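Provided herewith is a single structure, encoded as structure tokens, for subsequent inquiry.
Should a chain be cited, it is by its letter among A, B, C and D, assigned in written order, with residues numbered from 1 in that chain.
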Amino acid sequence: MGFFESLKDNCADEWRAYTRHEFVLQLGAATLPKPAFQTYLVQDYLFLIQFARAHALAVYKSTNLQDMRDAAAGVSAILDVEMDLHVRLCADWGLSAADLEHSVEAPQTIAYTRFVLEAGHAGDILDLMVALAPCMLGYAEIGRWLVAEHGKPEANHPYQTWINEYAGQAYQDVAQATLLTLEKHASELLTQGRQNRLFHLFSQATRLEAEFWQMGLTSV
Amino acid sequence: MGFFESLKDNCADEWRAYTRHEFVLQLGAATLPKPAFQTYLVQDYLFLIQFARAHALAVYKSTNLQDMRDAAAGVSAILDVEMDLHVRLCADWGLSAADLEHSVEAPQTIAYTRFVLEAGHAGDILDLMVALAPCMLGYAEIGRWLVAEHGKPEANHPYQTWINEYAGQAYQDVAQATLLTLEKHASELLTQGRQNRLFHLFSQATRLEAEFWQMGLTSV
Amino acid sequence: MGFFESLKDNCADEWRAYTRHEFVLQLGAATLPKPAFQTYLVQDYLFLIQFARAHALAVYKSTNLQDMRDAAAGVSAILDVEMDLHVRLCADWGLSAADLEHSVEAPQTIAYTRFVLEAGHAGDILDLMVALAPCMLGYAEIGRWLVAEHGKPEANHPYQTWINEYAGQAYQDVAQATLLTLEKHASELLTQGRQNRLFHLFSQATRLEAEFWQMGLTSV
Amino acid sequence: MGFFESLKDNCADEWRAYTRHEFVLQLGAATLPKPAFQTYLVQDYLFLIQFARAHALAVYKSTNLQDMRDAAAGVSAILDVEMDLHVRLCADWGLSAADLEHSVEAPQTIAYTRFVLEAGHAGDILDLMVALAPCMLGYAEIGRWLVAEHGKPEANHPYQTWINEYAGQAYQDVAQATLLTLEKHASELLTQGRQNRLFHLFSQATRLEAEFWQMGLTSV
């Protein structure tokens, strides 16, 4: 079994609670209230900023040039591409750039992002990658699952842009590359002695991701 | 007005919501359900571990020997004295050392502690101190207020140990020293240009402290 | 006077010892022994790796999106452009990629790069930028001075590629942008109380840059 | 073979060049010029400050309470005991506290200390401990060797205080505890995949320690 599989296996309930969260189910079924999605979108924008910082930390923590370049490509992709996409997606939902800039991070946004960043500071590149994995790899899994469950979203599906983004080949390719990097770091750095801590790190990060969905639902 | 006063003034509502939180009111009135306090105690134990790490970061971030020594005294006080006191307090409430060690950090515990630590990494010693201030100085204020409001707790008050600890002279002295250190750092490092970010940092930290109380209440 | 000017003024002797170092004079006069330049080139390659890490740290330490994007562009420029240029320049001097990869950091390389990175961790973005300034802005000054002194290098000047790179408009533009960023950070974060520490930081970094030139000379 | 033995074995020449450095030989033979020792003493005082910061980083990077307490005891020992001893030793050599405070870090002091601190930030607690090991464990070995070679120093030996400190049981006990901690971290975190990087880290740190001795000699 790959390392990522073992991380998920170790917290199968938390992983299911995150990837099959009520927010995800309603989003797939097109029944998610729009304000819930809007709340999520705004917080996800703020999340992206911290996510870019986490990738910058990964550049710093990398131990060879290729890994540095890969992580730096991730920083640029977030800051130069994803955030613009996000601003446009928000605009489609009636949220202006000013709305985004004046919004305040929810506790759930703070909890996950600072948990990841701090895990990165405290440990090495493997700790950082494990804390990031639920987000990067979980979204890919959610995207695939939504399409498997509901088929490719119809043109009138309110959340088709979001689904198409994460189920789309471009994101799936990024996720696959991230998975390979994670497995490579694990093959180089994993020991029996740190396995439980990494399991715990992943499990906590997964719970914090579920809380992030819940924040969207609860806001309605 | 001192810097700490200006920090509180800038988020007067959040500060009040934290220092006069329902958890605090019920604790003072001796009406707080015991399970709420127990939940809080366990999480506060886990909080202390991160708090010690934050003080270690303050040693590292200090720019002169005296500040390093003060912060190091804080690390030792937490690891060698406060944590033992906490274990004893927990034992009085039926919580064993094993209970504490096997407990899992709540999202609210993660949110505040990692927010503080990450703010410390990202910025300088002033950022770190501002993020820590709601905890260190807020508890002193809460302790004083509870005694002002209810008088010194009677021997049969269920939360007398807790109140006496934070209202007591030893803790008040530590808080006063912390206040002076914060003001010194501000006098050395504060600029108009970073004031708003520090206000925001303090306000966010204060909100996360209120969430920490709420966690205790909600757990019941 | 701008902040950068005040930094240089404060350590005018050290600044001159660095920017008019014997290594620079000989390089301009085309009398620098080739082995000295080769030693420098190899160490400068290793330097660039740490320099990319320092820019990644600047992304992380930035307090707004624009600064993050600027620093991220710096990371990409180093990893994707400058390092390739450097490999080609080294190849022209008979140094293969394998030579570079198997080379070992000299103490002088370690001293300056780790000093910069550690100053960045310990402080905020201004500390990091001040520690980086002697390199980024010093090289621009050296490039300009060499051309002012000797004219644009002839085609048979052994070090013309190096001189043209740092005297060239592209590098001068990057340096100018860096200067503006430094001045902006200073206008936002500088206080009387931290001025001496920043002066000292800059002065130390400048001395370590001079040692880096000296390493090239001494190696012959 | 223990991990520390394998670290030394891997760079046997560098280790010998450090632990049997001309500075050490002359110190043991009582032929070391006093100005060389004075230069060393002043720089070692500045070194200790950074060393305390490195131990604070170790508190932060520790993954359990016992390791945090051990590292915190190290911070206190340096700040509250060793530095005072050092000030007294300096006073015996005609160096006042003001001399120490106004001294400037030599490049060699910067190189080793920042190398250690940065290695700690970039990696995990094992990276930090490996980078610290040449200092903590090397001095213990040097102390033992000097006494084995020359016998316990006579009362008129100019460097008897220094030798007795590092050959003495108190320091040897601290070093032994440090060794056990290093071996424990290695047994928990060492993999084949990171061994070469740790060997390199140790080898570089050892070379930087030798440069530190050399600085004393060269100053004369």
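Everything below uses one rule, namely that a residue touches a chain if its C-beta (ideal position, glycine included) is under 8 Å from a C-beta of that chain, and two chains touch if they have at least 3 such contacts.
Please read all numbers here as calculations on a predicted model, not as lab measurements.
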{"item": "Touching both chain A and chain B (chains)", "value": "C, D"}
{"item": "Most distant chain from chain C, judged by the mean position of its C-alpha atoms", "value": "B"}
{"item": "B-D or B-C, whichever has more C-beta pairs in contact", "value": "B-D"}
{"item": "Averaged-CA centre spacing for the pair chain D and chain B, given as whole angstrom", "value": "36"}
{"item": "Centroid spacing, where centroids are CA-atom means, of chain B and chain C in whole angstrom", "value": "43"}
{"item": "Shared interface positions of chain A, touching two or more other chains", "value": "53, 60, 121-122"}
{"item": "Chain C-facing residues of chain B, complex", "value": "60-61, 63, 121-124, 127, 187-191, 193-194, 197"}
{"item": "Interfacial residue positions of chain A with respect to chain C in the complex", "value": "49, 52-53, 56-57, 59-60, 65, 68-69, 71-72, 75-76, 79-80, 83"}
{"item": "Contact footprint of chain D on chain C as seen in their complex", "value": "53, 104-105, 107-108, 110-111, 114-115, 117-118, 121-122, 204, 207-208, 211"}
